[in-house]
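Note that the chains take the letters A, B and C in the order they are written out, and that residue 1 is the start of every chain.
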């Protein structure tokens, strides 16, 4: 087994510090928002996780296409890593969104386009894992996984569009557009906390993806060794 | 007619075929023998264009696989242990469907000709659902020759047949081979293949271990031993 | 071997002819047994009856939920048909038979998709008048049928591709709705929206948005499915 690369070790440390600093900025540095009060501080992480969740989603669809074109198993590992990490971050996004929604709109859940699309994407991911689980041949598993991430990658943006279009025709949800307006009225210190959260989560995202890809190739090596032993 | 060089097929990390070399001259009838799990079906599926080689060169009827799969498919007839027929269609409708899929000319007369050859002309209007296993398998052969292929592949065609049905299948196979086609048949039963094939190749652990001709088989006492071993 | 074939290039049927052959084969098998359509139909009626009691479909409620009930029914019945149609190919190895033929793989996709669409439309055309009679609303309107056609096309376009994948997995039939529903949400939402608009007597301008989405979804997903179908059936 090859040792953990030094660059990855450094990235681990950077990730931890970035998370710590981002937490400090969000909870203590940024000023308390006037209308929302303390709960608004959840917004920095909410946007951070949503951003990398989306990043993972796009990367997964692109690596799916790359796999279908090249048939290189490394793209498959990349795709799985992106989907897994993105699943986790979208889940966090939804939880943080609910924490925000409770005091803001007096409900845990709103059928707001962004939140709903995130939830649908989670369902696509669950379907993706179930699909992969049902296939034994690794090559076929990679092929079907790639096709499905591609379909999801095309469908989820349309889902978002559809929900938003229909909501604008019938504006029933209270304050669905609030998040946007608040972003516009951020003060300088809020902006620092906001952009640092984006940066911190991007670093953490890269770190986790790297770890997951490394885990994937180690798993393959273990399989190969087991096979050698059994022969 | 078939040339295979250093063929390797992997499923994930498992290697099924390990540098297999194999060739068949036009008009030969080769029986591929070997234990279960030796890679016979995998090999045949590659020749049949249903599976892609991982490495190595495969040439069927003068065309390379997998690049020229479409040309190979048009010249290839395949019978597997499943009949590949639709039970809710009649014998005639099944043949008609495959004739259309192969773009066969003069479909009506060709279907009659084929039904006659496999001895099912009086059942042409009956649903395949009502056929016995042996009749289905004979119709499956009719299906496979509908486009008059140059090369034929049989994958364990005797699976699930009783003695009578097997003998009838022998006759059909013989008449198929007699038309000058090149045939590769997998089987795990040497005695069954002994009367039909002109050459016998033993496939084991993903390579061809040995290859003997019909004459060599008759000269040796191998067949006698084999039959004796089956009785014991 | 007959001489005429020996040296000449064997014919390849055109994409259109091969597609037509598959559709014809599916339809004539179905006309004989009615296995698939009758299962879908009985299932649809059961779903409608259950909705009737679950939602207490009185006159007021009915107007706002009819489109939702209809499309839920179609979507469920649709997965039933899609599953059955693809399992029929897979179970007896007939999929190999199709793949062995010297036809373009998209002929297999289009052939199966068109027969699936035919089965689904047939069921829908029978369900509509029954629903109309049961609840005393007229659903047999050309504009509504147009929307149902567009919605079914998109649903079947993705469904055929995904059913070709799901029948090759260990979990098989169970997997299809799980794979299909999350990616079919846009087409179902748009179809419900458009049907609702029509039933409420809305202006054409109001239906235009969901109508456009239906058309976009149909075009995009037929194109995507057409491009990736090879990857789903090859080995």
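To be clear about the criterion, a contact is a pair of C-beta atoms (placed from the backbone, for glycine too) under 8 Å apart; a residue touches a chain by one contact, two chains touch by 3 or more.
This structure is a prediction, so every number in the text was calculated from the model and none was measured.
Using the touch definition up top, find the fewest steps from subunit B to subunit C.
Each step joins two touching chains, and the minimum needed here is 1.
Taking each chain's centre as the mean of its Cα atoms, which chain lies farthest from subunit C?
Relative to subunit C, the chain whose C-alpha centre sits farthest away is B.
Quick check: more C-beta contact pairs in A-C or A-B?
The comparison resolves to A-C.
Would you mind pulling out the distance in Å between where the CA atoms of subunit B average out and where those of subunit C do?
36
Distance between subunit A and subunit C based on Cα centroids, please, to the nearest Å.
Averaging C-alpha atoms per chain gives centres 32 Å apart.
Please report how many Å separate the Cα centroid of subunit A from that of subunit B, as a whole number.
51
Please set out, as single numbers or ranges, the residues of subunit C touching at least two other chains.
Subunit C, residues with two or more chain partners: 235.
Which residues of subunit C touch subunit B in their complex?
Against subunit B, the touching part of subunit C is residues 1-2, 5-6, 9-13, 17-18, 20-22, 24-25, 28-30, 32-33, 35, 88, 92-94, 96-103, 234-235.
Which residues of subunit A touch subunit C in the complex?
68, 120, 123-124, 126-127, 130-131, 133-136, 140, 143-144, 146-148, 150-152, 154-155, 158-159, 161-163, 165-166, 169
So in the complex, which bits of subunit A are touching subunit B?
137-139, 220, 223-224, 227
Help me check something: in the complex, which residues belonging to subunit B touch subunit C?
Answer in residue numbers: 45, 48-52, 70-71, 73-76, 78, 80, 82-89, 93, 97-98, 100-105, 127, 143, 147-148, 150, 179-181.
For subunit C, which residues count as touching subunit A in their complex?
158, 161-162, 165-166, 168-172, 175, 178-179, 181-186, 189-190, 193, 206, 209-210, 213, 216-217, 220-221, 224, 228, 231-232, 235
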